[in-house]
């Protein structure tokens, strides 16, 4: 299985772990992730304005590149995934955006949303299969009680992201079961951690992050996992000392697949 | 610098693609808003004020910078009104005006810490400045 | 029609009595506008539409012909719209072969409850046919006054 | 040559505001064959009709064109007018210049021009009309009622009381429907079972009513007055005639995994069960999914303990074929699936329940014997939150939910709130609502009593999130009147879920060729004037199958549907459709194509002696049974030699209309 792989800005710098572990695990699972040469930062936030075209172009380039290669486009960072999937949806559904973006880009053939954007977790669920993942686990995380943190960007808006039930997701719980651990369900798993506000209004971000971590702790978690560098930062740096630790899901996956030490 | 350009409800409709008259004022968006306490204008009022054309008040509100962009309001809205898009559209009409960048690039270094991901800076600049 | 007026297409709409004609009535009672160049002919069922009627309309100078019937599975006569669908598929490929633009003919399913859909369909069809311009290929000059 | 009269109606200002009616009447005067043309304010009025009758007589008209509203509205009226002046009713054509012209156009010139074209098309068609005579068909004097809830029961009782046989087909093992599940009814708070069960018993004992329970309509053919239905009676593995309803088997059954549908799956039941104490028929049924004997061949305990020898594991589905003159759809509703609404933690906590589940919890015959306890730990709740409009009033492009108001939720929520406060004054009750909709007799008074007398805390605004926090349910919602966020730590949350048509309705609609709206509610023949009839003749609508309604409205509609059924069954014969197919014997070559496409089997063949200038001899000719033909016209198009034509919609009539429009 070969995929185009869009790492995004943060995975190249502050979230190298998310990226490195993700690649190692993919390799172990027999998946080839090909990083395009010239990808550009997606901007980290989906430009909701319908007249915002320039800010959508970097995503369109990555999408068009994957189309040329005839590959699905895999993302790992929740924010990149959100931006790419929504821009892709615009290119498919919104005639004006499609027309204007193509006018700017002047591609060999106009891009019309043909590429299939999938998150690494979707790849594990739909392409690898959690059953097969389970078989590949060498260090089952048996004693761990893990609280998955979905946040907002993976799930919403549900109609566009088509990732999981936005109010009752289970993909990360299934993932946790596949690596042998016990998932912990808690109410704030799909409520926002306030990450986007960390620069603008740190207090608000702390309040939200505190509520999320608190909820996971109350539910008895000893570890939280996430797919988003911003959430990870927020749930780590903006909560009281000694709170339940948070990791990228790829890190615990690497541990389970026995490839963590290779880093 | 003060806001100079007049913005109308029609501009917000054009930018957001959202018809605020579809809102039935059920308040589920506000009920869902995780940052309600910080929002001087909660999402359901945002929708009705757009419909009433009270855009200037919205442009002067704090809510446009305090929205978490978590889409809980849009997700749970039974009328598919998408308040998050309305809020973003109003914010855009502000920061697109000269001298209205809410976040200035030179203010960033002091806010940085070692672990802060790029994404936080990139997205904040996207959201709050042009 | 006076010559100095801007050209507008002439469109014949065949509507089945049970669903689409009722849908058109509902569009009317709901005051949902669509252009006046759409003229409806009532037929009992979409399967009553003989392909000859469509050819006749084009021959006499219609610019577009649309057939509306009940949704598949909802035909008042159980299966009539399935026959209509097949017949139209054959006819449309013939018209295509003859060089008649695909946009001039259309089949649409409109239920008795879908007044809004009826109006939207007619608006869209008129737009498409207007863009295609006058039907010159099949129009029979002998029929013109 | 026809002598045609044209009558242009103003319909008050409905037509006259956008169509210059005088200009239309004037323009039509120059059409070939038109000898008289006029306009009038209301053609359908007595004066208007008199004008038509007079013109027919004075000018010796052979046909008339009325330019007015839709033929679906007044075609029958004007046909009668024509008949009273001595014309054949099929010598009338309607030009629809209201629904399809004046109401949708704004420009007078445009509207007038189109009205003239439509009128010309009608005149052109009328030139080719020929007098038609409709045949008659007999009426089977028995009605079929599909659905045995309060709607079906009431319709059946009313029809049976008028002396006609009625069969009720109910898909569940017992009649009673949703009303049987309710505890109390608004706005009187009388006990639902106490008012329903006497009706159930009356239906069961009525000599004209035959209840076919645990059965569904399998197929249907025929037409008004002459339907043939095949009913599939599902195997219940119990001989209904032998079972005494003693219930010994239900106690002994070792399987305890089946979920009790009657109690909204809140508790378990055995594989053999009687849905509830007052079930009719009061006989057991075996759930084949759960029965050990049927699944594994081992067990059979019920058979051993049954003293009546009623258990029969060999029982098979049974098909019953029967004739009916009329069919009543009374398939009712179900609450929508609340599992899509996990923002209210419906999947996360058993203490979040739907209103119908709550109804069972409050019911003395329910899983908690009427004790208000939390399903999770059976503890008494102190704080209950009701959330209204769950899944109602959602736009069609929203992620989930129904676009309509479910109509009954405001009232049953007020009822629940009141009952809780009445029985347990220590419980705090909060109701989150968007609008409290209480239009009905004594409805608003009822709702105000909940607020004023019972101290129910009504909060205008919706809940955005319910979180499970330990044993509590944290409810976060917006109080729109106070402009503040409300946080309540509740013990139970009750969701007033939207209602939707029973899932069997869609397939049934197809089988009956009865039209439905996009929400799968059955469409009425006219939304105001024919609210209990389907557009398909002989099919009638009763209860929520047609749209959300409460019990009194359902009963009223059930009675209305019964009146329509009685009106039909009283007749000995019905006038058939005169617009039927007919084969031209000179052109027919007996190829059998038409026979194959006819959905009614109305076409057969006979050897007929032909004496025409071209051919003399015996030939195989298609013959249409006019009593069976419904006039769809499928045969006319399929006929390779154009021998088959449809009266009233002949090839030449439609061609003439096309020509007139394209002129």
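Letters A, B, C and D mark the chains as written, and numbering starts fresh at 1 in each.
One rule holds for everything that comes next: a contact is a pair of C-beta atoms (placed from the backbone, for glycine too) under 8 Å apart; a residue touches a chain by one contact, two chains touch by 3 or more.
It should be emphasised that the depicted structure is a prediction, and the values quoted were computed from it without experimental measurement.
*Asks:* Quick check: more C-beta contact pairs in A-B or A-D?
*Replies:* Counting C-beta pairs in contact for A-B and A-D gives the edge to A-B.
*Asks:* Measure off the straight-line distance from the CA centroid of subunit A to the CA centroid of subunit D, and report it in whole Å.
*Replies:* 47
*Asks:* I'd like the Å distance between the centres of subunit A and subunit B, where a centre is the mean of that chain's Cα atoms.
*Replies:* Roughly 24 Å separates the two chain centres.
*Asks:* In whole angstrom, what separates the CA-based centres of subunit C and subunit D?
*Replies:* Computed from C-alpha means, the inter-chain centre distance equals 30 Å.
*Asks:* Give me the residue numbers in subunit B that touch at least two other chains, ranges are fine.
*Replies:* Subunit B, residues with two or more chain partners: 72, 75.
*Asks:* Multi-chain contacts only, two chains or more: what residues does subunit C have there?
*Replies:* Touching at least two other chains: none.
*Asks:* Of all residues in subunit D, which are in touch with two or more distinct other chains?
*Replies:* In subunit D, the residues touching two or more other chains are 343, 399, 465.
*Asks:* Every touching chain pair, please?
*Replies:* A-B, A-D, B-D, C-D
*Asks:* Please name which positions on subunit C make contact with subunit D in the complex.
*Replies:* Spelled out, the residues of subunit C in touch with subunit D are 10, 12, 18-19, 21-22, 24-25, 27-29, 31-34, 36-37, 39-45, 47-53, 56-57, 60-62, 70, 73-80, 83, 87, 111-114, 119, 143, 145.
*Asks:* Quick one: in the complex, what on subunit A touches subunit D?
*Replies:* Counting only subunit A, the residues touching subunit D are 157-159, 165-168, 185, 187-188, 191, 215, 218.
*Asks:* Using the touch definition from the top, list the residues of subunit A that touch subunit B in their complex.
*Replies:* It comes out as residues 8-10, 13-15, 41, 43-45, 47-52, 55, 77, 79, 151-152, 155-158, 166-167, 191-192, 194-201, 204, 208, 211, 229-230, 232-233, 236-237.
*Asks:* Sort out for me which residues of subunit D touch subunit C in the complex.
*Replies:* Within the complex, subunit D contacts subunit C at residues 70-72, 96, 98-101, 103-107, 110-111, 113-114, 117-118, 121, 509-510, 513, 515-518, 523, 535-536, 579, 597, 599, 630-634, 636-638, 646, 649, 651, 654-655, 657-659, 661-663.
*Asks:* Under the stated contact criterion, what part of subunit B meets subunit D in this complex?
*Replies:* Per the stated touch rule, the residues are 22, 24-33, 36-37, 42, 44, 72, 75-80.
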